[in-house]
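In structure tokens below, several structures.
After this come two complexes, each holding chain A, first together with chain B and then together with chain C.
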Partner chain A sequence: MSTALRAPRARRVRRRGLAALALVLAGTLALPACGAKAGEESEGPGATADISEDTVKVGLLNSLSGTMAISEVTVRDALLLAIEEINAAGGVLGRRIEPISEDGASDWPTFAEKSEKLIRQDGVAAVFGCWTSASRKAVLPVFEQNKALLFYPVQYEGLEQSPYIFYTGATTNQQIVPALDYLAEEGVDSLYLVGSDYVFPRTANKIIKAYAEAHGIEILGEDYAPLGSTEFATIANKVESAGADAVFNTLNGDSNVAFFKEYTSAGLTAETMPVVSVSIAEEEVKSIGAQYLEGQLTSWNYYQTTEGAANEKFVAAYQAKYGEDKPTSDPMEAAYTSVYLWKAMVEKAGSFDVADVKAAADGITFEAPEGLVTIDGETQHIHKTNRIGRIGADGLITEVWSSDGPIKPDPYLKGYDWAEGLS
Partner chain B sequence: MTVFLSQSFTGISIGAVLLLIALGLSLTFGQMGVINMAHGEFIMAGAYTTYVLQQSIGGAGVSLLLSLPLAFLVAGAMGVLLEWLLIRHLYARPLDTLLVTWGVSLFLQQLARDIFGAPNVQVRAPEWLTGNVRLIGGEHPFTLAHNRIFILALALAALVSLALTLRVSPLGRRIRAVVQHRDLAEASGIATARVDRVTFFIGSGLAGLAGVALTLVGPIGPTMGTNLIIDAFLVVVVGGIGRLRGAVIAAFALGVLQAVVEYSATVSVAKVTVLVGIVAFLQWRPQGISTLRTRSLV
Partner chain C sequence: MTATTRPDAATAAGPAATSPRRARWRAPLGFALGALLLFAVAPAVLSDFRLSLLAKYLCFAIVAIGISLAWGRGGMLTLGQGLFFGLGGYAMAMHLKLADAGPGQLPDFMLLYGDSDTLPWWWAPFASPAVALAGVVLLPAALAVLIGYFVFRRRVRGAYFAILSQALAFAFSLLLIGQQATTGGTNGLTNFQGFFGYSLLDPVNKRMIYFLIAGVLLGLMALTRQIFLSRYGELLVAVRDSEERVRFLGYDPTLVKLFAYVYSAVMAGMAGALFVPAVGIISPALIGVVPSIEFLIGAAIGGRASLPGAALGAIAVAWAQTTLSEEFPAGWTYFQALLFIVVVAFLPGGLASLGRLLPRRPRLRSRRAPGADPEPEPDPREAPARSGPATAAASSSTTTAKEAGA
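And now, the complex of A and B:
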């Protein structure tokens, strides 16, 4: 090519390159949307679990990468600890549990794809995992079509009761409603709602608004940030100028880091405007930095500092396996408990068959680190005690209030007059 | 009133972040015409440099200041390596450059995941960067957050040094000559291949600098680059290819627009508004805010 021709050609090609660039950028945005239909063709009888003489496989489905990894990796670790303990004690029905771990990659269609793989290809007897409600909603049809079992260990927004999911985290009347009761008791008259933009925060805030209306609490504002968003200056400004008595925070994952940095920069503190969070446990406190969170409130069913022999044993075993500085948290505890509950159900049923295991569920109890938990066979949730905690400078959370004993799960809030019309 | 002031400052500080992430790209893409999809990963490299330095030194303040030059060098070196290994063979083949650098971007993300682990990490901000300056007191005070002031200052310092380098230094003169007419520059005795490499070094180094700044507002993770690269390209395209002035105007305009809409509506609405605004603007002015007039044959 002669040099005289190079410049115009470069320019022409550059323009074509620009068009290609736009295409690729659009493709990057659209990619996660593919693959959501995985498993729709699988009608009919459920997948059969691959159980041999001496082993039974279970699936662990957690985000080991992406924005949710910060939280979900610890759940996977807690699940592995429970499996290790059970295997050391002789396994389930004389069989060793063989865990198969899959990465959901913080991407909901990937969760559906991987659960399909665990159920149909690996033949697992049960799957433990998922964190965000979006990922649970994505895998729900897969579990229902394949008649397979999922144990879901995280607090969520309620209003759901799949026959193939056991919910070992809190539903709303075990976490959000008690937190609101506590705030009302403390004399809070106005709230500002901040959350990530997906199922859990939106539904949780619907419930909060219904409660607030019935109890004379004013909602001064409501803001949602895209999952993974790290730009919170404007939201902090809005919160600051609204001047609410407290903030109810349903942000998830890394967004909390940016939110609390901005919140502190705006000059807000736990004294001037406390934030009640329902997705920040000990692990998140550590990564956000305790200096941004000191004095803020959380609502959970379990803290590392919860008293009891079962918890002492759990914390000691966890730290012996993963490191002295590793905190334990509510979702980890619920995950750990879920494996033991599954074991108890299987042993009561005397079989790994999903229908038998489900039938055996009602009334099963376990002395969990959070205290005694009981499976409610009708809703497939568990009875749990609520605890409001305050975050300390050392990153640990200490209980400042608790409900009177375990609360019966009520995912549709049928027992609350103000919640009529929510579901 | 104070709300208006606070939001204006928020808009300006969003603009400063945008400017920092786009400044390097306006050199490599704007001036050289290289579509470098791995630019976001150079930002990530800068952020991880800050993290590593803080882990090994400890002192939050010292490590942050030290990481400014170091991140520039690390990201710049990565840029030079990329230019030398791949891009120089692909000049005037933008589609191939695009695909190759996209591959490099995926490679670097996985590399970060293998080295630092998939979960995001955090950098502790030094004492003097937490808290804020109170300009107007009262019930709704107008405050400027220290970290935002720092980022704004860093963005302006980077901008001024880059502008001065391009305008008055002999190196800048050579860069401009190559941008305006490569063949003529080469005929005049300028070693264009060397100039390309230096330009790429500076552009990538600026990405590293942006990475340091971003550790002050959010978490550091293997995928942070992919979230930023789109914003960076938007700023450069709106600003107009080949001119710094356009990029500056574009960055602050987009930042303020985002902040204003977000305050009266929601984050999602603000993002949509900004994108629709950009599409409409480019319909009206496809060449961007300011363009470079050259004598090359177009």
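And now, the complex of A and C:
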């Protein structure tokens, strides 16, 4: 060992000492700062909304970039339309609504970050948005910890009931179960399940299998493709050779384009083997191409063609603002409705306070584009009518069947004997 | 920078020395400044929300430090760090989920999506905090040893190594998505209530987690700096620049590279474990191809071969992402891309090389006039080079290959 080598060693030791010092510093700073133990009632601050004399802020949390942007931007547009209309009519409790838009970027931790920013930094009175279940699951603890409100406008897989989320899209018994009832009525004895590989399709298919078992329907196959996958030749061939009476499709986004092209080239048609889709609305029909989808079935609570004065007004206002060729769809309608529901809740409560608004929720009604909707205070979902529609050559969907009036939300399917083992 | 002929140019831990005496103080001073900023200034000026975001950025900085050793110094393009980030994150998250559920109970998501009433066998050990903490370090380490040993022994390098890393990260995220009943699928694991007995709902405890992460980051930076300066650090750079020559000199490059790879994997694993209580989620979206690339971008922008450069780069990129997306929710991705393109095009050595580029000429002159300093102390980076023929040979070979090595 030469001295040249030993000298830096000595210095290294000194540096190690410094590192140790920093760690000790970290420890001493951190230790006295320990807060509540787990399980103790730690009164979270409960973020306070920033409400001035003449404005109230609300957050819009949608993916404006990434894979989900194509769908979520339309929801943001519908939310802005509702806010604009409400402001033109005098606002909420005499205050103008000031929307603050944030990009969730199709990335679940970003959703959590942005929701916290909206609640804590901006002091919004409520947040509207989220699409995928994963993004909702990511923000749920943020809303619960801060005691803030989220309005979630998309059909989802149920099995959830957060006290700080209002679900204005369909739960399973308002979308999937009625679709199965319809198929059973039509005499379908066997089904093939195709879905994207994530929570909604997997949970939906669990429910479908339980239903099928109780109603004597045979499940001939179940296939999942990764989100965004466009390789469907194998699945289409399997579907073709299985020869089921119908296909239940829970694919999301782009995958539908590839799936329906392969399905058509495998020689299948809506007459020989109809496909019931629960994630294809007017916007998606436009991007997939109506020629691949003509005659296929969908299950939603709202279509652009739904009859009623409220819908005529909504479609006209939306197209006047965003363009004549823009279709309206179920999640957009649910988002639009959610802002009006929040307004009605606030006005009934006479306050923006979250606890008061929640307490005022039960029984609130709104003449929505989809028809009269009512908030169920217990589950914080809304009563909705189910509609089975058929896709036409013009890309619009027309109703072929509907449930007998609005269905009471049942996110845990407690009212269905066959669903006992599910939750 | 390839034009320089200084023997220490290749290692260049920080901006190269102005004078040895000042260089001696720069690292401790920088370190003390970092500690001051992290422990005193940041908590004082940032709101709770911003502080928790900073905690998240610091986790990315920990990953970047590992990348700086494996990629910046070792020349291994670790394009799959998400894999190890995920292993550490899931190990921690599984423990927190089990602790929340209580003994003998199933985590909440398993009650919803699960098929059976019993805990899967591979979940059970994570109920113990000791096993979980050990798992955070040992799982990434074990997997990295396994991958690294076979890959480096077969002399897989360059693009093949990068593609392999990325494929593994992708496969791991697919595996997790497919096992919804036991891993939460795309949702991942979220909604943690407690962290080793402390409630995560309490803002005081969230602050504590920030301090913990900042302490770990500083500690690991100090440790990594020692590795940079050690004989091993020299050898690693030598392997990066000329693996065959090092092999010819009697060293086994497999082991040299393996250590750096495993070290960076453990760093990513620890970052993942700290990310979980700080952000409150771990999901396949955090461990696939895109996040793995994002881990690299931070290190590349800051300067992959420089320890503070990589760490600050990771923090800056994450911070810019937050700020830009808040200001321009619809168009921020363009800014991010622009930033990356500008740095890659004009500063291939990252922002850390900025200081070295500008005042290069005067420094070279002072360096070539040893008389300027009456008692020149040996620069620690040069010392090993003088001590043995092996590293001396390696060092001289590094001078021109610095850019090519990465």
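Points worth noting:
Following the convention adopted for this analysis, the second predicted complex is superposed on the first by the 380 of 423 C-alpha atoms of A that agree within 3 Å, B and C clash if a C-alpha of one lies under 4 Å from a C-alpha of the other, contacts with A are read in each partner's own complex, and residues count from 1 in each chain.
Methods note: contacts are C-beta pairs under 8 Å (C-beta built on N, C-alpha and C of every residue); 3 or more make two chains touch, one makes a residue touch a chain.
Quick caveat: nothing in here was measured; it's all calculated off a predicted structure.
Of the two partner chains placed by the overlay, only chain C lies in contact with A:K117; chain B stays clear of it.
Of the two partner chains placed by the overlay, neither chain B nor chain C lies in contact with A:L372. When the shared chain is aligned, chain B comes close enough to touch A:V257, but chain C does not. Of the two partner chains, neither chain B nor chain C is touched by A:L396.
In the superposed model, A:G228 lies in contact with chain B only, and not with chain C.
Of the two partner chains, neither chain B nor chain C is touched by A:A184.
Looking at the shared chain after the overlay, A:D197 reaches both chain B and chain C.
In the superposition on chain A, A:A210 makes contact with neither chain B nor chain C.
When the two structures are aligned on the shared chain, A:S265 is found in touch with chain B, with no touch to chain C. Under the contact criterion defined above, the residues of chain A that touch both chain B in one complex and chain C in the other are 4, 7-8, 11, 14, 16, 18, 25, 29, 64-65, 197, 224, 226. Those residues of chain C lying in contact with chain A across their complex are 24, 27-28, 31-32, 35, 39, 47-49, 52-53, 56, 99-100, 111-113, 174, 177-178, 180, 185-188, 190-195, 197-205, 207-208, 211-212, 214-215, 218-219, 222-223, 225-226, 229, 279-281, 283, 285-286, 322, 325-326, 329-330, 332-333, 377-378, 380, 383-384, 386-387. The part of chain A that touches chain B in the complex is made up of residues 3-4, 6-11, 13-14, 16-18, 20-21, 24-25, 28-29, 64-67, 69-70, 73, 197, 223-226, 228-231, 233-235, 237-238, 240-241, 243, 254, 257-258, 261-262, 264-267, 287-289, 291. By the touch criterion given at the top, residues 2-3, 6-7, 10, 13-14, 33, 35, 37, 91-95, 97-98, 102, 113, 118-122, 124-125, 130-132, 134, 139-141, 143, 145-148, 181-183, 216-219, 221-223, 226-227, 229-230, 233, 237, 258-259, 262-263, 266-268, 271, 296-298 of chain B touch chain A in their complex. Residue ranges on chain A touching chain C, taken from their complex, read 2, 4-5, 7-8, 11-12, 14-16, 18-19, 22-23, 25-27, 29-30, 33-40, 42, 44-45, 64-65, 101-103, 105, 107-110, 112-114, 116-117, 120-121, 132-134, 137-138, 140-142, 145, 159-160, 197-199, 202-203, 206, 224, 226-227, 423.
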